[in-house]
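Each chain gets a letter, A, B, C and D, in the order it is written, and its residues are counted from 1.
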Amino acid sequence: MAEGTVISVEESARAAVERQPLVAPGRTMGWISDYVSSIVESQSPRWWWVAISITGSLTLLLLACLTYLVATGVGVWGNNHPVGWAWDITNFVFWIGIGHAGTLISAILFLTRQKWRTSINRAAEAMTLFAVICAAIYPTMHVGRVWMSWFLIPVPNANGIWQNFRSPLMWDGFAVLTYFLVSVLFWYTGLIPDLATLRDRATTKVRKFFYGILALGWRGGNRQWRHYEMAYLLLAGLSTPLVLSVHSVVSFDFAASVIPGWHTTIFPPYFVAGAIFGGFAMVLTILIPARAVYRPLGDLITVSHIDKMCKVLLFTGSIVGYAYLMEMFMAWYSGNPFERATFWYRVTGPYWWAYALMILCNVAMPQLLWFRFFRTHVIWVFVIAMFANVGMWFERFVIVATSLTRDFLPSSWGMFHPTWVDIATFAGTLGLFGTLFLLFIRFLPMVCMFEVKAVLPSANPNPGGKH
Amino acid sequence: MENAGNPSAPLYGVGAEFATAADLTRAAREIRGAGYESFDVFSPFPIHGMDKIVGARRSPLGRIVFIGGLTGFLTAVAVQYLPSAVIYPLIVHGKPTGFFAIPAYFPILFETTVLFSAFTAFVGLLMMIGLPRFNHPLFNWERFKGVSGEGFFAVIESRDPRFSTEEAGRFLESLGGSNVTVIHED
Amino acid sequence: MKRKLPHPPRENHPALWRSFAELENTPEFAHVIEREFPGGTARNGSGLTKRDFVKLMGASVALTALTGCRRPEAQLVPFTKGVEWSVPGKFLYYATAMPIRGGAMPLVASTVDGRPTKLEGNPLHPASNGATDAFAQASVLDLYDPHRSRAVKRGGRDVLAGEFEAYLAQISEKRPDGLAFLVERKNSPTRDRLRGELEQRFPGLIWSEYEPLGDDREAVTAAFGPGVRLVPKFERADVILALDSDFLSSASEYGPAYAAGFYPRRNPDQLGAPMNRLYVVENHFTCTGGMADHRYRCKASLVGEFARRLATRIVDLTNHSGLATLLGAAPQTKADFDEKWIAECAADLARNPGRSLVLAGGQQPAWVQGLVFSINEALGNHGMTILGVADEAPPAAPLGRLVEAIRGGAVKTLFILGGNPAYNAPANFALRDLLTRVPEVVRVGLFEDETSAVSEWHVPAAHYLEAWGDARTFEGTYTAIQPMLMPLWGGVSELEVLARLGGNAQPSGLELVQQTYRILSGAASTDPKDAVFLQGWSEFLRNGFLPGSQATAKDLAFRATEVVRLAEAAAPVEAGIELVFLQSSSVDDGRYANNSWLQETPDFETKVTWDNVALVSPATAERLGIRANNFGLLQKVTALNHEVDFDMVADLITLNAGGVAIEAAAIVAPGHADDSISLALGYGRKGVSALFENVGFDAYPLRTSESPRFRTAISVSGTGRTYPLARTQEHKSMEGRDLFREATRERYKKNPKFVQSMGLVDAHNPPTTSLYEHPRLTAPEQWGMAIDLNTCIGCSACAVACQAENNVPVVGKAEVRRNRDMAWMRIDRYFAGSPENPEMLAQAMLCQHCENAPCESVCPVNATVHSEEGLNLMAYNRCIGTRYCANNCPWKVRRFNYFDYNQRPLEELYWGPLAPKGMADSLKMVKNPNVTVRMRGVMEKCTFCIQRIEEAKISRMVQAGPRNKYDVPVPKFQTACQQACPSDAIVFGNIADPKDRVTRLRQSDRGYVTLKYLNTQPRVTYLARIKNPNPAMPDAAMVGMANGPAGGHH
Amino acid sequence: MANFFPKWTNQLPWKVGVCLSVLTVSIASAVTYYFTPKYTKVGYQPTQPVPFSHALHVDQLGMDCRTCHSFVEVASHSNVPSVQTCMSCHTQIKPDSPKLAPVRAAWNEGKMDGPPVNWVRIHRLPDYVYFNHAAHVNRGVSCFSCHGNVNTMEVVYQHEPQSMSWCLDCHRQPENALRPPAEVFNLNWKATSAHEQFQLGSKFKAEWGVNPPTDCGGCHR
């Protein structure tokens, strides 16, 4: 044992010089529980009230817009005859994309034993759920007769007619629903031990009751841990292909059509990469301010986390850039004049500015992340992440809307103009997203405590042995 | 040894607290060595390799989930293929309705399989670890709260054939356990 | 299990009907049905009965079922009295006719349960090929227009109809002098007869006719003497030169009646009759210009000069003395034309004496028409390609004479029957003010309009489908005008007014017409009970015309001296910018301003709806600083950027002449003559109705009686302001996509399969094959369509017919601006060639009913699937409105109901539930009961008139009874667009039947499908257009080159 | 300290679970039973302004359906008889029965300008459904198939659900409905056995080329 300790000391020393530790040194398990829980247990700070009053009112605006939409008709949006899908589906794809980082971080990084995921996966997963909720609003509400959308559910009925399972929209519905439910399960399973922590620390009756219910009576015995770990592993294993499939299916909405600019086989990988890109950007956009507000979080979500995420950002961003190039090349290489024209119009047509913006935000800006300087300076990272968010929205707009403005028959070409309802609805979903996230950080542990504890040096069951 | 819970109520077992994960691991190995069957160790996080030490078999959850997934797959086949190809075929986009229509059904086959598997995994988990259970003798033990913070505990249960309160208590103490407590139900 | 749910006792709420079929026994209704014997119906006074009559009619809307288990109670109200011939829910067809300037357009009206819902041409009639034009199609909407005037008014106050009748009676007794009539130009023998009677009763009566767009008959009378009318025989003409004459469209007095003769000669595959050649000289693109083999841009004011130059050439070639002397007298104007063009054109005409035909626009100055007559004389066309027939209509005083009389105070009582002179009379008459000087003006009109405002009396007129009448078609056939229902709002017919003035206390339109019929048919007995008479009469009504009643032919004695006198009177044209007054393709001369179907039908050239615009040539636009519109930014016109007009706003300009100024929005029109501005008449009307208030710009203030066609020396200035336009097509170029394919006759001869070598991908792709086997379409009927681009002129008759047949909603200007027009059938218009003088290509576009329809596979709920007969079906009640199908349609022919266009007022669409719900009762009556009225949020599109297909198939089944139905042929039927098409360009039928005409056309060399490479297997085939250029012409190289010089090979 | 949650809460989860599942199952079955046309429509029997008895007129007096519903063979729509039709007999038979008051009112001494008789509609299809009587009765589909034994009804009620799937059942298997043309208006006719009906139906289907539409276009236009 004794010499074992010596080795471990040397080891940890080397580790210290080689790389930043995942958790700042000197943070004990107790400290982690105390601090993370204290965010939930302390009084809501003033900034929180300000923030939620803003996002809350935006959410009300969303409700108002949707009511107006359903009561009056899809015409209150700017959609028109060549452009049957515009901001509605653009925003849908945008939000779904954002909803990817969470499960990706949790599942894939878990399977690949990336320990650095532990302090960010909880927030990322929460973000996934909220993003998917925002996304789901659009396909549901964009249909002309919402009250008839039960036709989409395969239940036996007096009409003796069935759904068309060849339609990518059906695939889409199933994919998004599955993704949402599985993410919820995955997220909640991960929460149980931490809810137990909150339960055990609870002082008031109300907290005792609610956290008690939510924790399901978790006791943390090995009998529970061993099944728990297996279940978590299985969920992670299931989520990984799922998260890749979801955005592929979303891309089928376009890839399975005949419209030039939509009908593209590169879409599935291209969309997935884009989704991860946008997702990570959004994670950063959220965690960096959170880190700034709850200072000590900086010890859990360290610069090395941000640095790693930036690398993912850079990588996926480059894939997306490659996809843009490939689209152009294939349009030219196919020799199909309709394809060529469509992509030519993307660059030179009336919507050239949208395309330019997309290239700037998604391809140009992330290149800065080659330099350690930008990866490690939080402000810069935040700025670049913001660009990525904007860029991803415009990518979807370029693909969904502008492809429709000019397709086969020049006689039916036309422009798209958003109405105030389009804009207000989008702002509304941002508000909803914010509201849900603010509630999350107030009432649930933002960082996965038991996993962070597990990566502490002191968590090593046999300090002597090599791990 | 202090008591937890209602002394007149049935006995649950004897528990002790340990300082670190390492101590708990060592203790677990000893208890197993002493031939105890029904005991459990509690920790704020899953301790690497504990299963081997306490001699637990691999969790069967995987096999159950496979069955769940299969159910999902078959459901999807029934919902998609039968109506659109067999019961009421329609001419859609000049596409075949028979066997060659299958590629169109893959996405939903996959999604449904995953969905059912995930639910089986979750429900299966709860069943195996016997949750939700809100009331448990251990919760009568004040210090046990620490289990979700930084506390490590070992509990030898009264249903163990070799169990006797004193002996178990002494044994745990000998392993370096502190605050040895006799736990009753409430 | 069987339970009885006795319904709670009925409360007395107004009954509802599922189908109009089982309506009401109210006397009005009985009368409606018995339209054959409307004599003595209670028309006078009581507006009440009329109103609830309308209410009853309105009740034909479907029930809205309440949710929940308790069923809303609906009622069945059977006729009290069975109605003879009327089978509930079945169409009855009646022959009638629509009066137009030149005479009448023979029609067959489909009526269901007593309300006419659709008008078709009368194929039996000698002056019709069973076709109609857009105006006739839409006129049925005017009948039901809720904005029609309903009450008799005197001095602005409502009075009982009886009061007006008393007034008429008193006039016909007192016989005051100073009686004058101002009427529309019609060719109605009964009206002429009554007029004759009145002229005896009231000596010194002034009978004046005015048509703002009518042909000027002065020249004809001068050249051929009185009582002669010219009838061109297009089937005999090999070479046709149209000088500012749009004879193919409804702009010509005789409308599509000419089509029957013209189009057969455009068919390159026709054996025997060679393809004719069409030269057109005009200042702006007309339908005719679009058809031209050679088109020459020329200011309308210089057409006379052009004709003179042409004449000189012809004199050189024919040494015709008469023409030569005339040339001496004709005024000369400086203008530089393409002399080679003129020379070759003249040569071509001279090469075909007696087989050529030169036409001048009816509103060109008299001397120009005279000159053209003498050219025809020189070419020996009179009696060959131009026949003369007797004009039975007695001459009427021109508006000018009436105006003088009014000025002189000679007119005490003026009857204005129809028309709207206060609005559309020549500006120099200032008629609106003059009318205030007439003590008593009695106005009978459909709408309370500008003229009613200055009239003592306004009397609602009966629509032509509401009253008895008769007419002669352009070649003189005596034609019946039968009413289809009693006047909805108690309108009176022109004939009845005249009869009352003639002292007939209780005139019945029926009897009035019968009398005329007796005279014309030469029926021996005048006894209405006479069986022989009745038999002939019912024959007359059934066929809609009196056989062998064509006007007697008159050989044309050309009076050169008179024409010379006309020429001498004329003066040279002043230079500068001219303003040309066009007939609006939507509102004619303004009479259809309230007709939303027409208002929303895009102009065939500019694709502008709800407005008229000033057309300017690119060069002139550049000079005047009028900007074209690119990507939503107005930009200076350069050769580059008048390709696209996006985001539809246009510059407002001021047109000033003789101190009068009007404003108009100007857009750049390819192929327009320089220094010339064209503006359609009939817009900018005030106080017509709230909905159409101030739409477009009024051009009448600049129009004078001296030259109705154009106004020279116009000064143009910008206003700096812009004006929003609603255009259904923003892009002009075909982008080299060969959707429309054409070639010259030579090329077609050399390479009959040329179409196959066109089309970007189509030409080069290997034959498209599928991975898997497509399900076989097994039904013995496989529906398909062929559209012949060679004869389609883009007149939009099919589009309006489709709207009428399929209950296609109107969305209003604001929504059209948002690209939400609902047209199932649209005319795509492209320009090819140089922007200065391009070719105009018109392509009827509708659902292609692809066998592998991309729209179907993407619908999640199977709302659009394929039928065994190859129809792409659309089940509205299954549709949830994802709009995915529309996105995935390469032809973009699917239309989505973004709002409840049928149920909400168009100006309050955005108010949603706050806006009043439901449509005007009378508008419900125009709906086709066999087509679902779509609600908000569902997709819709062309169905190949599935209701007609099903009707045909069902009647076959009924006929077959207990026999094999496949032994019985499906009865012949046509789709609405096919039936309306004046040029027979649309052919629909069963492509599985090798004998069917559509099958032959689909296999013809010219046949091709658009976007073939997508392998969607469209059921609509287009036949390429063949041009017949004269190789000697300077522009010959540019003709038939829409697909580029390489002819599509890219 | 004691447990926050008392012992009995350990049973709660199972109990709640069981209750919820029972609830969902019962709701589902209730909906499928009570909200389908089979329940909501069948048996609808409103009170009519005139207590007209089909049983009397058809069964006892042996009148043919077409006597009153005169257009059923030629029109899409089977008309309700006009007052004229009623009075053609009832001027002689029971000319002053109180039951006939509304009819006489409409008749009004033959002037036929009285208030119309407002019969209450029983069989109603949505307005986007285009059913054609002529197409059916001329091709061996009896009134009975959709209206049941009206000939024995004192007061008419709805006999069939007339839902879309109900229509489709027959359109996919017309054999079960086709009968000899002579028997179309004989509502009492019945094939001796289901088997015979099928035999007969198949025969007619083949002979007459019966091929009912099963795609949307057949009924929705």
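Worth pointing out:
In this text, a contact is a pair of C-beta atoms (placed from the backbone, for glycine too) under 8 Å apart; a residue touches a chain by one contact, two chains touch by 3 or more.
None of these values were measured; they are calculated from a predicted model.
When each chain is reduced to the average of its Cα atoms, B sits farthest from chain D.
A count of contacting C-beta pairs for A-C and for A-D identifies A-C as the more extensively joined pair. Distance between chain B and chain D, defined via averaged C-alpha coordinates, is recorded as 59 Å. Centre-to-centre, using mean CA coordinates, chain A is 55 Å away from chain D.
In whole angstrom, the spacing between the mean C-alpha positions of chain A and chain B is 29.
Among the residues of chain C, those touching two or more other chains are numbered 854, 857, 862, 865-868, 878.
For chain A, residues that reach two or more other chains under the stated contact definition are 159-162, 164, 166, 170, 212, 217. Residues of chain D in contact with two or more other chains: 4-5, 215.
The touching residues of chain B, counted against chain A in their complex, run 20-22, 24-25, 28, 40-51, 54, 56, 58-59, 61-62, 65, 79-80, 83-84, 87-88, 90, 92-93, 95, 101, 104-105, 107-108, 110-112, 114-115, 117-119, 121-122, 124-126, 128-129, 131-136, 138, 145-150, 155. In the complex of the two chains, the chain D residues touching chain A come out as 4-5, 32, 36-38, 161, 163-166, 168-169.
Contacts from chain D toward chain C in the complex involve residues 34, 40-47, 49, 71, 73-77, 79-85, 106-107, 112-114, 116-121, 124, 126-128, 130, 132, 134-135, 138-140, 157, 181, 204, 207-211, 213, 215-218, 220-221. Note for the complex: chain C touches chain A at residues 631-632, 646-647, 729-731, 733-737, 739, 760-761, 815, 818-821, 826, 828-830, 843, 845, 854, 857-862, 878-884, 886-888, 890-892, 895-900, 909-913, 935-939, 1011, 1014, 1016, 1050.
Residues 68, 71-76, 78-85, 142-145, 148-149, 151-152, 159, 161-164, 166-170, 173, 253, 256-259, 336-338, 341, 350, 404, 407-415, 417 of chain A touch chain C in their complex.
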